[in-house]
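Shared between the two complexes below is chain A, which pairs with chain B and chain C, respectively.
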Partner chain A sequence: MTTINGSAIKTLVVACDAGMGSSVMLAGQLRRQLKKNGVTVVHAAVAEIPVEADVIVTHQGLADRVRGVAPDTVIVSIQLFIGDPAVARLVSAIQTGSDVGE
Partner chain B sequence: MSDYTPQVTGTGLKASVQRVGGYLAGMVMPNIGAFIAWGLITALFIPTGWIPNEHFGELVGPMIKFLLPLLIGYTGGRMVHGQRGAVVGAVATVGVVVGAEQPMFLAAMVIGPLAAYLLKLFDGLLEDRIKPGFEMLIDNFSAGILGAGMAVLGAWVIGPVFRVVTDAAGDAVSWLVTHNLLPASSVLVEPAKVLFLNNAINHGVLGPLGAAEAADTGSSILFMIESNPGPGLGLLLAFMFFGPRALRPSIPAAATIQFLGGIHEIYFPYVLMKPRLILAAILGGAAGVATFMVTGVGLVATPAPGSIFAWMAVTPKGDWFGVILGIVISAAVSFAASSVLLGFGRGEKRAEQEEAEATTAVPAPRGTVPAESRKART
Partner chain C sequence: MSVNDALTGLLDDRAIRLAETAADRDDAVRRCGEALVAIGAAKPSYVDAMLARERSVSTYVGEGVAIPHGTLTSKEDIERDALAVLRFPDGVDWDGERVTVCVAIAARGDGHVALLGELALVLLDPERARLLRAATEPDDVRRLLTPDEEE
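After this line comes the complex of A and B, so read on.
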């Protein structure tokens, strides 16, 4: 079971199929929310997730593929692109330094 | 296991199909700007365009027959073996495009990655065996010799084979059109779309076929099948009026992103949490395609992202009415069907109770979003 402490997250990757659409949008939202926390938020296609990713946010429908690309990284799978509770929990874990698990 | 665990849905089949589709789409999507440039030049300067111009019209042929397949072969090669792969992929693609009447996208999607893969094998074989100082010599000539060989093979065997395949695919599409069967494609396209195969279908399959048709006739209906923003808009609007109450506040933003921004992924989750709504998406999609078919309209290039603005930009002269009508009808049909499937919100109270029970049983929220997330949205 992979977990990471919120304060250890330096690079957060938002992944989507093409790395051009929904991931860019969600990354933009997260970047604004995490501006003061020293977290680099990037977006990527599933096949091109950078190795320095500490945590990967992706839609549940793509989580299987992300798991194949990044077997040892914490994956936060979401259902909604707007207002998903899993994203809210991740943001608060980073801000308060609590653990993010799978 | 908490609710961060990705739910494994079925076997790995979906992931495999997504992956293959992702490769196809990955060769096309980075080059969409070039497709749009070609589409705009076509719409403006061909004899039936806005400002016919013989000299500028000469850009059309070389762009579709050479530039676009070469970009696809180049990108496909790069995905397999970096810059070296990209170079041999592009060289090999020249082999299949030379002498072909039709744009050879399909062949480029095969020969580009194939050439890069062969070079990757060769590079792997020689790794650590090259005498110091000979690396550049061997790197350059291995790529050169392999690229030349693949280009010859492309012109000789692969190109002719794919000319037959491309013609067959084009014939199959025109058969569907002449037999009025194209709207039925929504039965496959809409469900596949919400399983995140949207890019694979649109840019991996329909886009290249559409570009081949548009090179012939100036526009294609195939660009409109997956990318129509109408069905998703209708579905989201139905959710706004009749969907789960907790979700309703997020819908206006989602609809803006979907219809104006063209990011269709935003509505997939709403279908996935109420799967019967896929019926509404299918009906809406089919109604749209039927309208486009009856009015005889097409688009000059792939509208990507599938935003209303992108659609308007690639609508050829004289097709505005049919295009807008199709979008409106598909949104209306999808809205009506979604509203019926959502029971006009009547079942909402009962469903909320059921969902509340389901939520306590399964940690992942199905259909309801706790208040914390709505706060977090701002």
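After this line comes the complex of A and C, so read on.
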């Protein structure tokens, strides 16, 4: 299982199919929540995920495609773009420096 | 140009339609697409991409709101970045969820990021989410979706 420590996360990518809707909304929230943690939050289409991504958040329906693009990066898959518990756990891991797994 | 002037450009008055009706989800998505086409933001083919996207992964985001938009390949059908806000007072069944407001998106760039960020904050605040679902004037919508300048 791929894991990463929250304190090692410098670039967080939120990915969705087109990179213009849901990922934009979630990235906006995360940018706000992680402003003080030195994390760069970007949104991208799955096909355009930047190589420097330390962790990728995506809808569970897209997780397999994301894995194909970034096989060695921790992927957090979510069902809700607003208020998903997996996102809350990720934010907490970054803020407290605990491990994030898949 | 200030952030808020940019938002006004993204959200044309003609694309804020607050008393819409739709038979079902596809009909609602079509109306959203037609609003974007009517203001010259997208080609008619973009509407088909919006329907395809909705059928593969729902754009429902919670609190009675969906954000229909096209697929990656359909970005070439976008003429300029714009949003449309359509309100369906009677509600539309959206795969078991009830949608009252659609924020439709046509975007090749990142100009709409601040506005969608503000939408996320509205949805996290039950009172502001209720105000959005109840909005009857374009200015109500604009006010709710305009970020505070200092952010």
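Throughout what follows, the second predicted complex is superposed on the first by the 102 of 102 C-alpha atoms of A that agree within 3 Å, B and C clash if a C-alpha of one lies under 4 Å from a C-alpha of the other, contacts with A are read in each partner's own complex, and residues count from 1 in each chain.
Please note the rule applied: a residue touches a chain if its C-beta (ideal position, glycine included) is under 8 Å from a C-beta of that chain, and two chains touch if they have at least 3 such contacts.
This structure is a prediction, so every number in the text was calculated from the model and none was measured.
Once chain A of one complex is fitted onto chain A of the other, the partner contacts of A:Ala8 are absent, as it touches neither chain B nor chain C.
By the touch criterion defined above, A:Ala18 reaches both chain B and chain C. By the touch criterion defined above, A:Arg32 reaches chain C but does not reach chain B. With both structures placed on the common chain, the touch criterion links A:Ala45 to chain B and to chain C.
In the superposed model, B is the one of chain B and chain C that contacts more residues of chain A. Touch criterion met: A:Val100 reaches chain B, while chain C stays clear of it.
In the superposition on chain A, A:Gly61 makes contact with both chain B and chain C. Of the two partner chains placed by superposition, only chain B is touched by A:Ser77; chain C is not. Residues 16-18, 20-22, 25, 45-47, 59, 61-62, 80-83 of chain A lie in contact with chain B in one complex and with chain C in the other. The part of chain A that touches chain B in the complex is made up of residues 1, 16-18, 20-22, 25, 33, 45-47, 59-68, 74-77, 79-88, 91, 100-102. Touching chain C in their complex are the following residues of chain A: 16-22, 24-29, 31-32, 43, 45-47, 59, 61-62, 80-83. Chain B contributes residues 1-9, 12, 14-15, 18-19, 22-23, 25-26, 29, 79, 195-196, 198-200, 203, 250, 253-254, 257, 261-263, 265-266, 268-269, 272-273, 305, 364-365, 369-370, 372-377 to its touches with chain A in the complex.
For chain C in complex with chain A, the touching residues are 53, 56-57, 59, 61-63, 67, 69-72, 74-75, 105, 107-108, 110, 112-114, 116-121, 123-124.
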